[in-house]
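In what comes next, chain A is part of two complexes: it sits with chain B in the first one and with chain C in the second one.
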Partner chain A sequence: MTAHPLVKRIWRHKLFYLFMLPGIVWFFLFSYVPLFGIQVAFRDFRFSGGFSGSPWAGLKYFHQFFGYYQAWELIRNTILISAMKLSVGFTMPIVLAILLNEVRNLRFKKVVQTLSYLPYFVSWVVVVTLMQRLLTPYGGPVNDFLRGTGLIQEPITFLNNTTWFYQVILGSDVWKNIGWNSIIYMAAIAGIDQQLYEAARIDGAGRFRQMWHVTLPGIRNIAVILFILATGSLMSAGYEQLLLLNGPATAAIGSVLDVHVINSGISEGRLSYAAAVGLFQSVIALVLIVTVNRVARKISDVSLF
Partner chain B sequence: MGKRKLSLFSLLNGAFLILFSMSMLYPFLYILIYSLNDGKDSMLGALYFYPRQFTLDNYAQVFHNPKIWQAYRITIMRTLLGTILHVSLCTLMAYALSKKTLPGRTFFTFYIFLPTIFSAGFIPYFITLQKLHLVNTFWVYIIPMLFSFFHIVIIRTFLQGIPEELEESARIDGYGDFQIFLRVILPLSGPVLATISLFNGVAHWNDWFTGTYFVSDKSLIPVQTLLQQMLTEAEALSSSMQRAAQQGGQTMNNNVAGATPESLRMALLVITVFPILCIYPFLQRYFVKGVMMGSVKG
Partner chain C sequence: MKTNRAKVSSALLAAALMGSTLVGCTGGGKDGGTSSSGNDGGGSGKEVTLKILHNWNGSSAGDVDLTPITKAIQEKTGVNVKLDYTKGSEVEKVNTIFATQDLPDIYTGPAWGGELDGIIKAAKEDQLVDLSGKLAQYPNLAKGIKKENVPPALYEKAIGAFGDKKYMLYQNQPATDKDALDWLYGFYVRKDIADKIGVDPQKVKTKDDLYAFLKKIKDAGLKENGMPVIPLGGFHNGWAVGIGSTMFYGSNYVDKGDGTLENVFFTKAYEDYTLYYRKLLSEGLLDPEAFTQTDPIANEKIKQGRIAVLAAHYPAILDASKDYVKAHPGSDYIPVGPLERAGAEPNRPADLAIQGNNVTVITKSCKNVDAALKLLDFLASDEGFKLVHYGVEGVHYDMANGKPVAKKEIFDKFAADTTGKQKKNEGFGIGFESLTGPDRTNSLGGDIWMDQDRMKAMENARKILRPNGIKVISAYNAGDVITKAPNWETLKPSMDKMNDVWKEAIFAKSDEAALNVLNALRGQLNKMNYPEAIKYVNDNLKGKEVVKVQMPN
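And then the complex of A and B:
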């Protein structure tokens, strides 16, 4: 009996399948089983019944969400916050990478870089605790400093305050991620052919023209890819940060879908309803990422898949 | 004329980057100062660059608390165990996927990629954890974090860069597949394994969410969750105390000394952040490369 060549090839690789086995099982359990569990959004979920044993509820929970008086507010806040983060959080790392690239002193450059990704390595709990301490009107250094220099008379309540909420959200997001997100652009800039700069110099281009005509086109492709990836999260505004920073005082402009899912699902135990809201989020995210990917492929020949 | 313009730009750029670096560093420095200053004195404010009334009392009190020791133990245990398991298992999978001759390689790559573009969302995931009886056990920290698509891709890309001739010559020397992996591949993979260990180790160390939402047993709570609970609980208390201190002013400062909830919170924050600050400068040169490798499309 002669074995099929493919069977033989598979047998020869048996050890590698063994290596993959834990991963295959894990991805099945933690990624594909939950996908199967999406149906709880269409069922009256009960733990005893499991994913497929609870009675069907149709679109009841979707109706419940869109009938909820704050649904549109939640959607609006989510899109607004993530769009702001996308525009600022996406461009700032590019600016930082370009400015760092202009530094000639290597040691200085290295120190700035090292410090820039420090905040990335601490948790949101730490960042919010830091902010609370720094920004508090009761003896916080920011208010002390502003009052000391006479810029303000009365201390400013930065947190739990609708006037400052978006600035605080955006500022802390940029502070935490700017250095880390710039690494990839630094790498792209380092990969640009030095002869291009030389050629530009010979053509009489100054520093800014070199930035504009050589550096920026050099990082265009990677920027497009990262932009596509980032649009996928337009429907989620960053649940860790908002769980910690949003309070009753800022609820009107700070309540977002991710937090709503966690609160209604886990804290209130309305699992089917929360699953429906989460599914709505996932579907929009998928549509967005596919659309932007297609548009990017059309206009710039760069795409993710 | 051109030259002068350039140097003006460099000057402004340098000044800007110095300010930028300070904004990255100062918050950490300030917390350190606050935690080393007498708690009641700190409430008077105007504390900027050095402790006004130096004391280690805040740390003494924090370390005196058995709850914090317990939380620290959980954090260290999950970080060590979780990272070792994550790196080992991801490396095994990445090595298999790096074999160009492996039948089904494209399928398995797609199999682990798909969940990154469409995920079920939080609730089905939570129910899955419940059904697997992970909720409210120590393993809820470890098992759901065992694999990551991006980490597998980074390791795979690195392994594909190792010349095949090395493996072939080892095979001629009579090594089997497993021996090649153990004696040829692993010793060459130091940088990428260090990078992934750092990423995953930091993720374990920093995770507060699992402890807050998936664990109710108080003895299983990690440090970050403890800090999060203090964040929500201590806020109201400490700001009302601070208001009182500012109104009471000097007299309070002269008569009473000691730790406040706020100064204890800052001490806890420092010991939470400290281990990361110690490790990360050493691994830095690796992870910068690691991010770049990750950017190479799989």
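And then the complex of A and C:
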């Protein structure tokens, strides 16, 4: 009896597969095993019954969510904030990667790269505390600077203010993630055949034309794939940031599904309800990914599956 | 050879990676060192270790693992206590421990609100040990939960709500009238600031006076450390700037005029209260960061002398301002008012709900229930109470004329330490106080650690704020009764939103927008059958004495 060709292939590259194993185990434990808990959304969760021993509740908790007077406001806020983050947060790392690619001074390039990565490793708790210190109207350096330069007369309440809420959310999100998200584009740019640039130069293309006709097409595929993946988080606006930055003053535009799930699940102990809202988010995310994937395949021949 | 070595190295590296992933997945919540062992309550000399969750945000231990008081408890009961503390929301902690089954042996936490709701749910779902069969052997515990020793609504809702079964122990209710603790909630102003603007804080009586007072502080343009002084501030998440509500309505459930009760959220008085705070906020009289800040940030503002008027209970204000007052003599916070009270005659004593503050339970994970009960019974005894509050006799205090007297060197050591660490290192204030049964502080000898200045300040505040004394509320609270309404489960999430919605409303751009925010939730409450629930409340409270005036405590 001969072994299946796939098994043979795996055995031949066993060391590589061994390296993949921790990742596979991680995904299995943290992404697939928890799927078992989805049933909580359809049950009246009881501490004593656990996931599978609690009585069935049908769609009761989905009805509760859609009957909640702020349900549509939550959905609207989530989509709006995510869409803004997607449009700005998706393009800015590409811009940074391209700009860095054009920098010829290696020392400067490395310093900028390192500085732009660093915020990614700082937790939102620290970032928000920093922002509170910097932006406070009571002697915060930002207000002091603006007043010192005569740009404003009275200090601005940047946080807890609907006028500045989106700017603060987007600005902090871009600042924190731009460096990290640009790494993959930097890698993609590094992989572009240098002969293409030489050919472009011979054809008389300047720096801008080289970027337009060589660099951008060179990272197009990776950008499309990342965009498809990013659409999956359209129903998730990032709970840590909004939990910390949203307050009563901005609740009307800053309350999002992620925070609603955390609050109703952990603070109010309504685990089944929270699971139902979470499942709703996930299903919409799945539909979005599948749809965008199809559209991308039709338009550009690039797709995830 | 070289290739083999590379292969072996690669394999080891991959195995290590996977190993660390799996280790990361193991339940870190269980602390092997704190699980119970033995089964005889320590009587045979076997050491028993019990983990106690002290569910109060901000509570903590000192720098010493085994304090003299913890050691004395261990010697008396044979139980080695490991205290665990909550960092963050107490309600979240209750829900999380039962949902994840990461349970301590003993839990003690707030005897109200969402925390108590979580414990009641846990009792209903067999997560707690039924103590009814064992209480006869532990008289101190049995006494603490006798019907006459528990406020009626709390007894009906929690302690005695399970028929013959008893899941909960009750802590810190005043043993006698003289043990009743008045926290002296109110507005307090820095004395030097009141002097600077030339206003006698005791002349501030009405809501208009308070507004004018805060406005005068703002208009004075005072600065500390180069930063503007904030007229009115509070502590974490807005605690307790909203206590001005007593100027607008008597309690959370008010008489509609026809003898029936209505939740105050539906009334004009609540709208006035909301708009008043909106005005304070929009005119820069109230710190807009007060509702989102943490305690460390609030304390920093107070330590820098940047808050003119603070709203909270007096002990918290005295603690937070200790450093600033030490460095700036004459800057003590003193009471404002007493302010007018809606629905109360001027000569009426202050109506306070003085009751216990902790519910203690033994979870189903406790491997040694007898040891836990022995420990709790000892702590609830007079001997245990004195050990926890006064320390070890001969070491921390001596008895003189039948009363405990603090040793001078220990007293001075504690008084000189503004961080409170010295006290904690001896075992005071690390959580045992929440397990000592009825509060007997005054009956057994008073608070021997309170310094003279603090005592004087508290006494002065009491004289000003309680000119007619206090009246301990014994009537039924409609807020407890509504939780037993048939539709409470579906109504509760919307009722829980009231406080959030109030905060949202005071930040609204206009009065009209603020009222719209309130009305939106009113609509939701009606949709969730609030009328049915309030009818249940009125039916159940017919003929009973009901709380209609209550001050924060």
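Things worth noting here:
FYI, the second predicted complex is superposed on the first by the 272 of 305 C-alpha atoms of A that agree within 3 Å, B and C clash if a C-alpha of one lies under 4 Å from a C-alpha of the other, contacts with A are read in each partner's own complex, and residues count from 1 in each chain.
Just so it is clear, a contact is a pair of C-beta atoms (placed from the backbone, for glycine too) under 8 Å apart; a residue touches a chain by one contact, two chains touch by 3 or more.
No experiment lies behind these values; they were computed from the predicted model shown.
Shared-chain residue A:Ile266: touches chain B and chain C both. Once the two complexes are overlaid on the shared chain, A:Arg46 sits against chain C while remaining clear of chain B. With both structures placed on the common chain, the touch criterion links A:Gly67 to chain C but leaves chain B unconnected.
Here chain B and chain C are compared by how many residues of chain A each touches, and B touches more. Once chain A of one complex is fitted onto chain A of the other, the partner contacts of A:Leu15 extend to both chain B and chain C. When the shared chain is aligned, chain C comes close enough to touch A:Thr157, but chain B does not. When the two complexes are overlaid on their common chain A, residue A:Pro5 makes contact with neither chain B nor chain C. In the superposed model, A:Pro55 makes contact with neither chain B nor chain C.
In the superposed model, A:Tyr138 makes contact with both chain B and chain C.
By the touch criterion defined above, A:Pro248 reaches chain C but does not reach chain B. Residues 15, 19, 22, 26, 29-30, 45, 47, 132, 136, 138-139, 265-266, 271 of chain A lie at the contact with chain B in one complex and at the contact with chain C in the other. Chain A contributes residues 6, 9-10, 13, 15-17, 19-20, 22-24, 26-27, 29-38, 40-41, 45, 47, 50-51, 96, 99-100, 102-104, 108, 111-112, 114-116, 118-119, 121-126, 128-134, 136, 138-141, 143-145, 148, 175, 179-180, 183-184, 186-187, 206-207, 222, 225, 232, 240, 244, 258, 261-262, 265-266, 271, 274-275, 278-279, 281-282, 286, 289, 305 to its touches with chain B in the complex.
Note for the complex: chain A touches chain C at residues 15, 18-19, 21-22, 25-26, 29-30, 45-49, 64, 67-70, 132, 136-139, 157, 159-160, 162, 247-249, 251-252, 264-271, 273.
Listed in rising order, the residues of chain C touching chain A in the complex are 7, 10-11, 13-15, 17-18, 20-22, 25, 89, 91-92, 94-96, 98-99, 101, 114, 117-118, 121-122, 125-127, 225-228, 230, 288-289, 291-293, 297, 301, 306, 490, 492-493, 496, 500, 503-504, 506-507, 509, 517, 520-521, 523-524, 527. Contact residues of chain B toward chain A in the complex are 2, 5-6, 9-10, 13-14, 16-18, 20-21, 23-25, 27-28, 30-31, 34, 42-48, 89-90, 92-93, 95-97, 99, 101-104, 108, 111-112, 114-115, 117-128, 130-132, 144, 146-147, 152, 177-178, 202, 205-209, 213, 224, 227-228, 231, 235, 239, 242-243, 245-246, 262, 265-266, 269, 272-273, 276-277, 280-281, 284, 288, 291-292, 295, 297.
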